[in-house]
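Both of the next two complexes hold chain A, though its partner changes from chain B to chain C.
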Partner chain A sequence: MLLEARNLRVTYRTTEGDVRAVDGLDLAISESEVFGLVGESGCGKSTVVKALFRLLPPTARIEADVLRFRDHDLLTMAPVRFRREILMREIALVPQSAQNSLNPVQRVGPQIIEAIRAHSTASTAKARERVAELFDIVGLQSELMERFPHQFSGGMRQRAMIAMALAFEPALLVMDEPTTGLDVLVQERLLGRIRKIRQRIKSSILLITHDIGVIAETADRVGVMYSGRMVESAPTTALFAASQHPYTLGLKNAFPSILELGRELISIPGSPPDLSNPPKGCGFSERCPFALETCHAQRPALLKVGSDHLSACIRTAEIEYMRDAASKKLTWHS
Partner chain B sequence: MNQKSVKVPAVPLARGRAVRWAGVLRRELSNNFRIIRADRLGSFGAVVIVIAALVAVFGPWLMPHDPYESLRMADGRMAVLQRPSWEFPLGTTNLARDILSQMIVATRTTMVIGLVSGLISIVIGANIGLISGYYGGRVDNLLMRLTDIVYGMPFLPFIIVLISLFGRSIGFVMLAIVVIVWRTSARVVRAQTMAIKQRQFVAFAKARGASDMRIIYRHIAPNILPLLLLYTSFNIAWAIVTEASASFLGFSDPNAITWGSILQDLWASGYTRSAWWWFIAPSAAIVLLVSAFVFVSRAYEVVANPRLGDR
Partner chain C sequence: MALLSVEHLTKHFSLGRDIGAVLRRQPSSWIKPVEDVTFSIGEGEILGIVGESGCGKSTTCNLISKLDDATSGKILFDGEDVTHLSKTALARYRAQVQLIFQDPFDSLNPRLKVFDIVAEAPRALKLWDEAEIARRVPAMLALVGLPPERYAQRYPHQLSGGERQRVGIASALVPEPRLVIADEPVSMLDVSIRAGVMDLLRDLSTRLKFSCLYVSHDLSILTHLCDRVMVMYLGQLVEVASSHDLVNSPRHPYTRALVAAVPVPDPAYRRQPVEIMGELAKPVDPPPGCRFAPRCHLAMPQCSETPKMIEVAGRHTVACHAVVE
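Entry: the complex of A and B
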């Protein structure tokens, strides 16, 4: 297992009491796997990234039973060691809104060269060669190294960020909403680029997005997050072919599919729960059309429902009925 | 954009460090030149500063007389309180000394005091502002309360205490100026640092393992460079005025000639009402040089705060 988190909790202390943005997340990513993490806005996806990269503000607290990267315990690792040995070299981030993530007053190439030299003993010449190589991998011409970030288009900046993240071929590449803010054509090209990179570099990728289509195209394995918890996790094909959790069923309804042209899109009514006052039971119980009394009172555990398929719902036994009912609009909007 | 992954052309050779620095320097100079050229008063200020700098450097070769010597006229009489003439272009003092020569000597002292204390104070102020704004919390609190204390310190009583403890010298005047001037730049740099710190690229630098020092000096500082330049010239202007008032009040080294001390000699001699040539030269020089620095800083201000450009 490359990255393993068990019962990960992130709490923000605020004047109105604690807010649990991540509430007992279980996550496991294997070597050279593309893991897609989906969920709607505010479900804690980005907080997971921040917790992993230690970007949380001092008012936040991270707890977990296990937070392990290979043999390193990330919970207890000293900051300096984490910064020097893990970041960039082992796990690298392509941040959300990569558009604004370059220093505006420094040329793009030198920025990446500096990052490489800060983490290795490479000479400037060696680092420059490496950047040219990286630019080639992400499909940028090496002349662009001498340009400033504002002379790049959005897609080019995104690719420059990916180039920087790939500098040391990290074991895990985290991409936080890589396609958000790009138009569909650039999005499509970027996804193609990611697939191409996958052929050249064997890094695992943690792909975080709210776009289930991006996941379907790119990920080997999918985790569905809801209100700070993992509700379902399975290989991509299994998840789309045989969804087990009512939330996943609802999420699939809300996205158009090329295989079912003309299908009416059904939204999930309501909004995610208030995390400063989370429901006692299942996080989805208030919006779930299949919720029972127990759902409101007790939190369901993430259990094995098939080979390599996990789901957190107490009505798993009735999945055939739920799948059937979930495809009807009346079930959700009555 | 070109989608095909083109075969990478030969990797551009890394140029030598010296060559690269020369390039950076040339770029910076031409950028700064452009900023100042764009502003008419700024160009005027720059010309004045360049002339003052040349006078400061080549002063000893430009002086028509020894500034400390009591001079005689062609007929052998002492040249006491002479009006401006070909022989004495700016007139003479009551001790028959040439005011032009005194002005030239004083230019060097003034420029040295202004530049040295202005630069030291911006270095102190910028570092305190950067560290305070970047770390926030307890560090910020400590450094900003220190700044508040300095804000409460009046310059004159401070320098009076300083010279009565250690004696009169230019060094203590400079020290007093530095101690007082850094406070404004510290506050402004702190505010700007706090704004830049929130930007996405700073968080991302952290996510790729950049140390605090690298973030402060490689990522934040270059982004506040126009502001730093603005406050550098502002601090220099302030240092020149302050030095002039300190010497006028007689707190400076009694043997050093500065524009302020020329005025002080005039005041002490009691000819303030009659010898108009004696006060016009130093007063005009102070006003001109200080305005020059303010004009240059104003040209930079348009860069630091683009909204001013609409005026």
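Entry: the complex of A and C
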């Protein structure tokens, strides 16, 4: 296992009490796979990234039963050592709105050279050679190294950030909402590029997004997050073909597809729970049409429901019935 | 009869000249976000506009809602020319043409309660007296799924994104407009909530009998919601068709690329290859002719002349020399 988190909890201390943004997350990513993490705003997916990269503010507390990257215990590792030995070399991040993450007053190439030299002993000339190679991998011409970020389009800036993250061929590349804010055609090209990068580099990718269309096309395995927890995880084909959790069923109902124009879209009633006052039981119980008394009181564990398929729902045994009922609008909006 | 017809609508902005350009006697540059656009919206119809950033979809909305004046061309509303309006006529027009904005977090006044936000337009347009407003606003809140007894006295910060967008819809609909212009109204909302807001808009358009111009960059949302969709590229209208025809038989090479690029939530689906070259330009001093030609794999010499919109099937029009041949 490349990355393993068990019962990961991240709590923000605020003036209105503690907010638990990640509340017992289980996550496992294997070598050379693309793991897609989907969830809506406020489900805690970005906090997971911050926890992994130690980017949490001092008001946040991070706890876990296990938080391991290969044989490093990320929980106890000193931040200095993490930055020197793990960051960039083993795990690299392409941040959210990466298009705006470059320094506007410095040429793009030198910025990446600087990043490489900060994490290694490479000479400037060696680093420059490496940047040219990286530009080739992400599909940018090497002449562009001498340009400023404003001379790049949004998609090109995004690719430059990916090039920087790939500098040391990290074992895990984390991309936080890489396609958000890009035009469809630019997004299509970027996803094509990510697929090409995978053929050349054997890094695993953790792809965080709210777009299940992007997940369907890119990920090998998917994890669905809701209210700070993983509610379902499975290989991509299994997750779409045989969804197990009512939230996943609801998400699929609500997502439009140009292949099924006649299909009625069904929204999920209500809104996600307030994390400063989280429900005692299942986080989805307030919005779930299948919720029982126990769902509001007791938290379901993430259990195995098929090969490599986990789901956190106590009514898993009745999945056939739930799947059938979930496709009807009246089930959700009565 | 069409509720709104737009004929040869054009908007050019001057970028101005710096002192160097003046001394060198260079002409100033022009951004041409909308160029010779002609279309119409029928009574009760939901018409979508799709395109990438800079395609002129938002400028087109601004021109129709009279937030900006057209450089040339004509806008006819209910048969009447509204391209140039006096102040009083403009107020009358604004009551009939309302906007729903993209960002439900920024577009509501944080100091006003929901009731007052929804009452703002009728008050500003002096449509009714307070008694009438006190009757109509709660009714409208109920209609958009916000029971007035629970929501009327709340402030925007006490609402979720989906609830705020419903407030935005209520304030657009309370003056009983005949045309609603919605510019990316769900793009900031979570997927699970989006469908509800789209349903609401569709349902209310039949019940309250208004037409809707719905702008989005997301083709899958548009084709689910709209009767017809028009595709714009760098200020030019390239194709108009029913949602079904646009997705299943797109004709313009740009539309084909756009349809092929839409992510589909089905891991088994294999997409058509996207045939498009180069990067998206800005509509600054565009050369004459089809603006898509530099990225088009079908481009030919005639493309330096602007192609006309030609009907290729019932209610399906395309502007492309290569396709028409």
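Just so we're on the same page, the second predicted complex is superposed on the first by the 329 of 334 C-alpha atoms of A that agree within 3 Å, B and C clash if a C-alpha of one lies under 4 Å from a C-alpha of the other, contacts with A are read in each partner's own complex, and residues count from 1 in each chain.
The rule is short, and it goes like this: a contact is a pair of C-beta atoms (placed from the backbone, for glycine too) under 8 Å apart; a residue touches a chain by one contact, two chains touch by 3 or more.
The shown structure was predicted, so the numbers you read here are calculated from the model rather than taken from an experiment.
Q: Classify the contacts of A:Ala78 with the two partner chains as first (chain B alone), second (chain C alone), both, or neither.
A: So A:Ala78 meets neither chain B nor chain C here.
Q: Where does A:Thr237 make contact in the superposed view: on chain B (first), on chain C (second), on both, or on neither?
A: In the superposed model, A:Thr237 contacts chain C only, not chain B.
Q: Answer with first, second, both or neither: which of chain B and chain C does A:Leu330 touch in the superposed model?
A: A:Leu330 contacts neither chain B nor chain C.
Q: So in the superposed three-chain picture, is A:Arg128 touching just chain B, just chain C, both, or none of them (first/second/both/neither)?
A: The first partner, chain B, only.
Q: For A:Gln106, is the partner it touches chain B (first), chain C (second), both, or none of the two (neither)?
A: The answer is first: A:Gln106 touches chain B but not chain C.
Q: Which holds for A:Leu251: it touches chain B only (first), chain C only (second), both, or neither?
A: After superposing on A, A:Leu251 lies in contact with chain C but is clear of chain B.
Q: Between chain B (first) and chain C (second), which, if any, makes contact with A:Ser153: first, second, both or neither?
A: Both partners.
Q: Looking at the overlay, does A:Leu259 come into contact with chain B only (first), chain C only (second), both, or neither?
A: second
Q: Considering only touches as defined above, state whether A:Ser142 meets chain B (first), chain C (second), both or neither.
A: first
Q: Which parts of chain A are touched by chain B and by chain C alike?
A: Shared contact residues on chain A: 153, 155-156, 189.
Q: Touching chain A in the complex: which residues of chain B?
A: It comes out as residues 1-6, 8-9, 11-14, 137, 199-201, 203-211, 214, 218-219, 222-223, 225.
Q: Spell out the residues on chain A that touch chain C in their complex, using ranges where they run on.
A: 40-41, 153, 155-156, 183-189, 191, 210-217, 236-237, 240, 250-259, 261, 265-269, 271-272
Q: Which residues, counting only chain A, touch chain B once they are in their complex?
A: 53, 55, 58, 82-84, 86-88, 92-93, 95, 97, 100-106, 114-115, 118-119, 123-125, 128-129, 132-133, 135-137, 139-142, 145, 153, 155-156, 161, 164-165, 189
Q: For chain C, which residues count as touching chain A in their complex?
A: 52-53, 160-163, 190-199, 217-221, 223-224, 243-244, 247, 257-269, 271, 274, 276, 279-280
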